Every structure is written in C-alpha cells, then in structure tokens.
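You will see chain A twice below: alongside chain B first, and alongside chain C after that.
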Partner chain A sequence: MSSVDTSARTFNLKSWLAEHGVDRLLFLLVPAFLAMLAFFIYPTIYGTYLSFHPMEAKSGALGNYRSFFGDTYMRNSIWNTFRIALPVSLINVFAAVPLAVRLRHRVRGKRTINTLLVIPMSLGTVLIAEGLSAYLAPNGWFNRTLLAAGIIDQPLQLLHNFWGVIISLLITGFPFAFLLTLSYISGINPKMEEAASTLGATSWQRFRYITFPLLTPGLAITFCLNFVLAFSVFPSANLLGNPAGDSHVLAVAAAQAIVNNYDYSMASAISVITGAFELAVVALVLVMRSRLYSGSTSGGKG
Partner chain B sequence: MSSRKVFVKSPLGWLIWGSVAFFFINLLGVIGTVVVSSFGTEWFDGWLPSGWTTKFYTTAWHDYQVPNLLRVTLQVALAVVVISILVGTPAAYVLARRDFPGKKILMLSFLLPIMLPPITYGIPLATFIYRLNLGGTLTGVIVANTVPAIPFVILVLSPFIEQIDPKIEAAARMCGATTRQIFIKILTPLIVPGLLAAALLVLVQTVALFELTYLVSGPGSNTLVVALYYAVFASGIRPYQAISAMAVFYMLTTLFILIVALRYVNPTQMVSQARSADSK
Partner chain C sequence: MALSNLSLTIGNGEFVALLGPSGCGKSTALNCLAGLLPLTGGSIFLDDRRIDTLPPERRDFGMVFQNYALFPHLTVRQNIGFGLKIKKVAKSEIERRVTAAINLVQLSLHADKHPSQLSGGQQQRVAIARAIVIEPQVVLMDEPLSNLDAKLRHEMRSEIKRLHRELGLTTVYVTHDQEEALSLADRLVVLHDGKVQQIGTPEDVYMNPVNSFVADFMGYRNLISMDLLAGGSAGNYSLRAPGLELTASNLFSGSAAGKVRVAIRPEDLFIENTSGNSISCTVKSVEYQGKDFAVEVSTAQGITLHLRTPKKLEVGQSTNLTVASDRVLVYPDSDA
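For the complex of A and B:
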C-alpha cells in the first residue's frame, strides 16, 4: 500500500514516538519525576552551585574545597570514613555468605532467624547506639561477662573510639547484608548444584565453582549498599565514637558545618566531596562487577 | 535432607551457628541494657540496678513530650506513605511495562537517592527546604522523607506489576475499558499485596530514618528518633533512666509497626528494593 510507504519514508513524529513506546501513558511518570526533579535533582545541583560560592566571598570559587583539603583535620575525615566503612562492609558481606548458603533452602528456624535479624535493622542506628553506649561501657554487661569469665583482666575500652562505631555498624549492617545475600542466593536454581553433585563435586567445590561465581554480582551490590550505609555513620560516630578525633568522618564534618556554623556553603562542599568519594567506590565495584558472569542464575531450559 | 545433618555436625557449621548465637546474645544484651536501665532506680555498678521503679517512664513521657512526638511521627509517616504510594504507583506501572527513550536516565534519577548516603543529598535538600521557608515545619519534614520513599515504592512495586499478565489489561481494553478503569478495576485489586508491602516498608523506613528529619526538623516537628538522638546527645541534662525510658518508647513504636508489617511482608522483602534496583 502506497500510503504506508510514504509515511515510512517521510519522518512521521507521531508514529515514531508510538513505535518507541512514547504515548499518553507516560504522563503517569510525571508526578514522580517532578517530585524527584524538585526535591532531589534540583537541590543537588543547587548544593553543588552553593559549594562553589563560599560564605567568605574573597576566598574564590574553590575556597571551600581549598580550605577542606588544606586542613589536615578536615582532610583526615576522608581517611576516617574509609577506615570505618570499608572493613565494616567487607566483614558484613563475607559474614553473610556462609549463613545465607546454610539458610538458602527450607531449614527449620529460618523464618525466626530472618525475623529476628530484621529487628536491629528497623530499630535503626540511633537506638542501637544508645543501647551500645551502656552495654559496652567499662561496667556494662559485655565487659562484666568477659571479666567474670576470666578472659580479660581490664575492661575493654570500646566506647568513644573507633571500635564503638565499628560494632554499631556491624549490628545494623550485617542483617541487611544477610537478607540481601539470601534473596540473591535464593534466586540461584538448586538444579545447577544438583547437576554438579551428580558429577561428583564436593560441597566445597559446588560452592566454589558454582554458587559463588553466580552469587558474586549480587555480592557486589550488597557490598555497595552496605558501603552506603556505613558511609553515613553520623549518629553512631557522634554517640559511640570520638567525633572530634578518629571518628571525625565526612558525615560528621558536614553536619557540624551546618548545625554548628550555619555554613551551608561549606556543608554543601563536604556533601559533594562525600558523594564523589562514595560514588567513585560504587562505580569501581560496579565496573569490576560488569566483567563478571552476568547471565541467568535460574538455569532452566536454555 | 541428609546433607543438613552433615552440615550441622561439621566444624564450619558449628562456627557459623556459634557466630549467629553470639550476634543474637549481644543484640539481646544491647536491648536488655536499655530496658533494665529504664526500670532501675540506680545502676552504677553490679549486674542489675539496686532497685526497681517505673517513675522514669512518667518523667520521660512528660519531659520529652512523648505524646506530641508520637503524633508527629505518625503524621509524618502516614503522609509519606500516602504521597509516595500515590505518586510512585503510576510511575512503577509505566517503568514495569514500557520501554521508551530516556528510560535508563529516568531510572538513574530514581536509583541515586538509594545509592547515596542520606546525609549527602540531605544537606542540599535541607538548605533548599529552609529557603522555601519550610524548615522546621511538619510539611518540610514530610517533603524530605518523601524523597527516598518514592523510589522505594517504585522499586518494591515494579516486580509485583511485572508479574501481572499484560493480556489481562489487553482483554479489558478490548472490552472497552479506559485506562482509568483498567487501573482502578483491574490493576489495583491485583497489586494490593504489593501496595500493602510497599506501604508497610515505607512506614518502617520512615519511622527509623534519622538523617533527613534531623537536618530539616525543628521544635514541634521532631520525630521520635530525632528526639531520642537529642536526648542521648545531651545526656546529663536528664537522668539516664529517663533517656532509656524514652528509648523504650521509641523501641515499642518501631516494634509494633514491625510486627504489623511482618504479618504481611516477608523479612527478605525488607531489602527487596535493592534487589529489584539491581535488575534494572
């Protein structure tokens, strides 16, 4: 039919749009997109703009960044953040794997363990910090038990230093890492392991050569999200750590700039720095992940 | 399965179960310390307080204005749930069903709030909310908490919508149903479990979300968790037992919502938004 031919040759916007799935239904996206535009994208751009306009105008556009990186105390907050966030995320992910492997099938008590693990996650960092500040105190139950058992002679100093923050992030981060790993591992078809088993693979071989490679992309995401949680350690760093010393992390530095000094410009600059470092790590992990096997984990006919 | 028995007997199995037990014993210790301390008359040394009392609950209830905090917390949480469901559901539908130019970029704008620490975008957001003169108001707190809630709803709902056979909608359309009718009469009843899960998860998340509220709220618009933070941070002003009692009030609120939520959602769904973000 000739009319179809002409419309195919001359560019018809309406049919091109329809072919690419653009129609009135997309209007349903508008409210959500506008909300994100107004309260996420615009503030982020505005904050970045603000960070280049320091309160002291004469220090120039890069004034905030120069004073941040020029000050050893401020610069160290980057190292402090990484020193807490990296080990915590790694421990959480690697501790989650064996337990998730163990609980991937129907095991008695699985639902109970899952439910109990959700509790620290939903209680949140503030409550866990409040509880830990009494529990880990020199006269708290933890030290008392170790002293009574004769494991230590002196109470361990676990508060107002690096360890308090680490412990609180393990308590809130591990359940998250575990539940996420469990949901990834449940997506791996058990038939694959069964097949390996018939070929004589031991349980370690099945894990090492089948489950683990299929799980690694999921572990990368689990690591990233745990890293995000650990990167914003604000309440635990303030309540359990030493926010003036080795727990002076980026989140604390940013919050201090806004709460103590009302310096929105400096606070925005620190947010930009935090976001840049955090996204750099996430991007690095995701790039490494894209080199891994990323096919189906469901087995099936193919 | 016989393999399970072997697992439990192996040294690695004992190590794993031992670690889990160690984790839970410490968790119990943390929560137990708070509860015991809130009922104690004095607890400086020894395994337990020297006496028991409930008077600090009265102190905390009045001094921290707990009824007020509860009201604000519930108002904020419910408003955030309603707004994010109303805004997020249509978007989740389109993103689950359609492919169109620019979808990847759009998805990225929904994923970034989940991939960024809240304090990072919270500070520019708070600055913006203060500039709109909404700083310290209930509206400001609701707006701030809606930002992570909308992507959350989209990511939780998308898999639910993908499961629904598009042929059902096609059939309805053939019978002359309009888009609005399809939404109200066909899709909504089918995604009720998803909506319920999304609503409850947003509720749990909003009650516990600290950073964004902390940056935006002021006197009169503090939620329970922010008030608890201030109470702990300024410890010394009030007796520590009152702070513990305040923590128990917060804990009871969270656990109550959690118990309701766990009747309808699976624990693994608590992290499902991250999982579905990954498949995008």
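For the complex of A and C:
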C-alpha cells in the first residue's frame, strides 16, 4: 500500500522521526546521558584500564589481580565484606516485611513511625557512625543502661569490631528497606487477601500463599539495593569497626592502597573486584526473581 | 456507610438481591455478612449457629468480588482449588472437584492460564467457580457484573441463573441494576440511606413499590406533586393538579388528603384511547430506542411526563394519553 513516492516531499525531521519510531522527547535525556558518560561510564572504563596497568610495569597486565588474590590478608577482605553485607541486607529485608505488613493499612501512629524511620536515612552514614561510636562505647548510654538494669555485668564490646559495623548498617539500611517494601506491599490489592479469607485462609495462610509470593519480586529488588549499599561500606567500617582486622572490607582495602601506597592502579583493581562480586550477587538474585511471578499485583482486569 | 435495622431471614436455596443506588449500604451489608466489616450492633445466625463473632475464614461463605480479586500469580486451576487446598481436602478430591467446577463455568480450555491472560467475562467465571467449588453454605456476590459490557452482562446473568438453578446455592446478590435484580432474584431487598425500604418478590416490588423512593428507583419516572381530595373511597380517589385530574384506585399507607406524590411508570401511559384517566398534552421530544420510542410530553400547564410507545410521534403534535386508575400510585408527600 505504501506506493506513494515520499521522496518527492521535502524532508521533514519531525515526520522522519515519527516514521522511524523515535520519540522526540527522548532528546530530553541527552544532558542526563552526558552526565552519566562523564561521571560514571568514563571513570569506570578508565579505572578498569588503570587496574590492568600496575605501578610495577614488569608484573604484567594482571599483576594487581595476581598480588591481590595471592595475599591472604587482601583476599580475606572479600570474605569480610560478604560477612557483613549478606546478613545485614537479609536482616533488613526480612525485618522490613512484618513491619510493612502491619503498617500498610491506616494505623495509629503510622506517620510517627515513618518519620522515625526516615530520619536515619537523611542523616547519612558518617553522622550515624559518629553518634554510635559514643552511644555504644563501654561507658556509653547503651552499656550503662544494660548494666543499670542488671542485664549484663560487663560492658559489651560493640565498637571496633564486626558488631559495630553491623549495627550501624542495620540502622542506615533498614529504613530504606522498609520504605521500599512498604511501597511494594501497598501495591498489592487488599481485596485479594479478603478473597482468600472468605475461602478459609487464616491470616498466616493469606500471607504465606498470597501476599508473600506477590511481594517476593519486590523483596528481591530491595535486597539487591541494600546489598550494594552494604557491600561498599566504608565510613562505619572505619569508624566503628576494626579496619585492620575483621572489618578490613574491600572499600577499606582500596582506600588504604591509595592512602598508604599511592597505588591508584591497585585501588582500581580492588574496585573492579568489588564491582564484579556485587554484579555476580545481583545477577544471581535477578535470575532467581525472573523465575517468579512478577506481573501486576493490583488484581482485576489488567 | 451506615446501615440500620436490616432484619432478614433467608431460606435455604433462596436467591436474594440487595438493590439500591450507590452509597445505600448494600455492599456494607454484604461485607458484614462475609465478616470483612465488623458489626457495630446486631447479630447474624446461620441455622442456629451465631456467626457474626467469627472471622471471615470460619464463616463458610463463598464470595464473588466486583473486581474478581483473582490471585494473579496462580493459574485458573490453582485459583479455583485455593479454598479446597486451604481446607486440606485430599489431592485427588481437589483435582476432581476443580475439574468439575471448571467444566461448569465452561473454562476447560483455559484451565492452565493465568488470570491476566483471560477476558473480563472469563475472569468473572473463575471468580464464581472459586467461590462455589468450596460448596459454601451461602454465596455472596458483590456487583459481579458491573465491570462487564452490556452483551457479556446478559450472558453472565443467564449463567448465574443457570448455576443457581443447577446447584441450588443460597445466594445474596448485591446490585444497583434493577433489571439484573428483577431477573435473578427470588426476593428483593431495596435499600436507601442504610435503611430497608421494601422486601418482596420482584413482581411485588416492581408493580407496587411501597414508597416514592422505591417507585423512582424501579423506573416510575413520572413523579408528580398533586392534591388528594378529601372524601374518596377505595377504587375512586380524586387527584388534582393545575390542568390535570386523575383518579387512583388505591392509596399507599400514610397518604392523606392534601399534598401527595403520584408515580406513574412510562410503560403505563398509553396513546391509544383505552378506558381510564385521560391527559391531553403536546409532544416535546422523541428518542428512537430500537424497539420503541421514549417520548417526553408536556401538559398545557407545564407538567412533564415520560412514556414509551411503538408509535412514531412528531414533536409539537398534540396527543391524548390514558392511564389505568390502578396504575396511578399515590404516596405521602413527606417521603420524597
């Protein structure tokens, strides 16, 4: 049917784009794309390039990687990071679920709880680490309260070790996980639970068979975002952990490579390694997610 | 939405329709029955067992929701089998009953699809099958057809009627569509502002609405303020309005000499010269509606009347209407 000779008409950019399925509004993305290019894509490529050019040129392109994986102390930083990031993101996500289930309806004090949860997010990790380093100290509020209540008779050692980092990441990561989970759960049509209840399902069965399966894809995303945040932990590992010992995480290792040895190339290699592990975990979670139902949760005619 | 003084005894196998405009409390009543809304007073009994204190999952009522509320992550088969699985019915038994239910609602070709792959009418069938497969004591339906187009609505209406006839399930059906209620129900409950207006058979409610609200809702489009003259007797009550005189056979309770409201159905006004009241008027507008015309006329004194007629009238033409005196319904003015 398209036998009309279009070449006879004068060229019109607007209709040419429309015919080729290009939405002109997409051009509005150009500034954002340029910013991405300048501040993310180029540094990533440059960092990767740098990591293959070690300070000591004779060690070859893989020299940095060889020395990283060859050094037990450095290699352990991978394990140290996982040991912090995995449990923290799992706890954050699974603790967020019951709270979000409770707060998805109109509940008294919902605003107060939401505000309380959002504050740690807005304060930033450094400020929270600072505050915790006083609060969790052996003579800090936390230990003194427990001592006074007679729950413990020795101050708990919560600073400059694994636990300090964990606690701080729970405080900063939980609100984030909660708010995401709440928005996912609010998208599930409450009529579905009502339908399940008229079919005889108790509140636990309704959660188990209806709400949870519909929520899982959202939880997978929440987990990934939380994991990425926790995996690049730096301020709290330094301030509350033991950056030379069990909280010698990848970010700390990279920073030390720069600060102690002026070795940008090694730091780049460590960053690449960090990124690779993050991507591997996120990819694994997303592959598992794709096997689940992930369509509309609003019910009714979609 | 508040609901007051709804007292109703429903017989086994009966089909009861709660009918009323939106906001009248009919969905509230249904949700209270299902246990999805708490009662602030009163009680509900199933046979001799008090059930209003039970949570919805222990009432044994099947419910069909307006938006179907199908489980999007489960197939048609799993959706229908959900209630049986929860009740821990044996696998082979679930298989048998679900297959029977799927055949009953004619979805055997779609048993393994997900709800999003089905049309609205098919989703509605799944919702109905899911509610009846558990063989509930009572089936509750909350405007189940209001999201379907006109043709499908008619089909599903016959389907619901057929299922009710075949299974004999006690059904409470909520709707704002009087035609739907009239064609499905054994008994109608007309609600307005949370109060019961009338309970009766479809014929009863349609032919003899007890007040002007029910009359208006059941399609008595002509509601006229008139004066009832004193001294009438059964079969012969005289009504007056400027330029209009009518005779009514009966009065509804509460009507007394003085201001009254008169209701006449468009279908009860005829152009042919039959016996009864006669009204002379002028045609104001004619709407073609397929099988007949909807005509608006006006008397010399400006009283507007609506009627339906197969005869083609011209705008501006004068005509004479008749209405039988037993189809002139008289209500007290206060309950407008």
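The criterion applied here is as follows: the second predicted complex is superposed on the first by the 278 of 302 C-alpha atoms of A that agree within 3 Å, B and C clash if a C-alpha of one lies under 4 Å from a C-alpha of the other, contacts with A are read in each partner's own complex, and residues count from 1 in each chain.
Convention: contacts are C-beta pairs under 8 Å (C-beta built on N, C-alpha and C of every residue); 3 or more make two chains touch, one makes a residue touch a chain.
Quick caveat, the model's predicted, so the values are computed rather than measured.
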{"item": "Contacts of A:Gln205 with chain B and chain C, given as first, second, both or neither", "value": "second"}
{"item": "Which of chain B and chain C A:Val126 touches, first, second, both or neither", "value": "first"}
{"item": "Partner chain in contact with A:Ala196 - chain B first, chain C second, else both or neither", "value": "second"}
{"item": "Chain A residues touched by each partner, larger count belonging to chain B or chain C", "value": "B"}
{"item": "Partner chain in contact with A:Met288 - chain B first, chain C second, else both or neither", "value": "neither"}
{"item": "First (chain B), second (chain C), both or neither touched by A:Asn139", "value": "first"}
{"item": "First (chain B), second (chain C), both or neither touched by A:Ala244", "value": "neither"}
{"item": "Contacts of A:Ala280 with chain B and chain C, given as first, second, both or neither", "value": "neither"}
{"item": "Which superposed partner A:Pro213 touches (first chain B, second chain C, both, neither)", "value": "second"}
{"item": "Contact set on chain B toward chain A in their complex", "value": "1, 3-4, 7, 12-13, 16, 19-20, 23-24, 26-27, 29-34, 37, 44-45, 47, 86-88, 90-91, 93-95, 97-101, 106, 109-110, 112-121, 123-128, 143-144, 146-147, 150-151, 154, 179, 204, 208-211, 214-215, 225, 228-229, 232-233, 240, 243-244, 247, 250-251, 254-255, 257-258, 262, 266-268, 270-272, 274-275, 277-278"}
{"item": "Of chain A, residues touching chain B in the complex", "value": "20-22, 25-26, 28-29, 31-33, 35-37, 39-44, 46-48, 50, 95, 98-99, 102, 105, 107, 111, 113-135, 139-142, 144, 171, 174, 176, 179-180, 182-184, 186, 203, 217-218, 221-222, 224-225, 228-229, 231-232, 234-235, 238-239, 251, 254-255, 258, 264, 267-268, 270-271, 274-275, 278-279, 282"}
{"item": "Touch list for chain C against partner chain A, complex", "value": "34-36, 55-63, 65, 67-73, 82-83, 86-87, 114-116, 120, 123, 130-131, 134, 140, 147"}
{"item": "Residues on chain A engaged by chain C in the complex (per definition of touch)", "value": "189, 191-192, 194-202, 205, 209-210, 213-214, 292-293, 295-297, 299-302"}
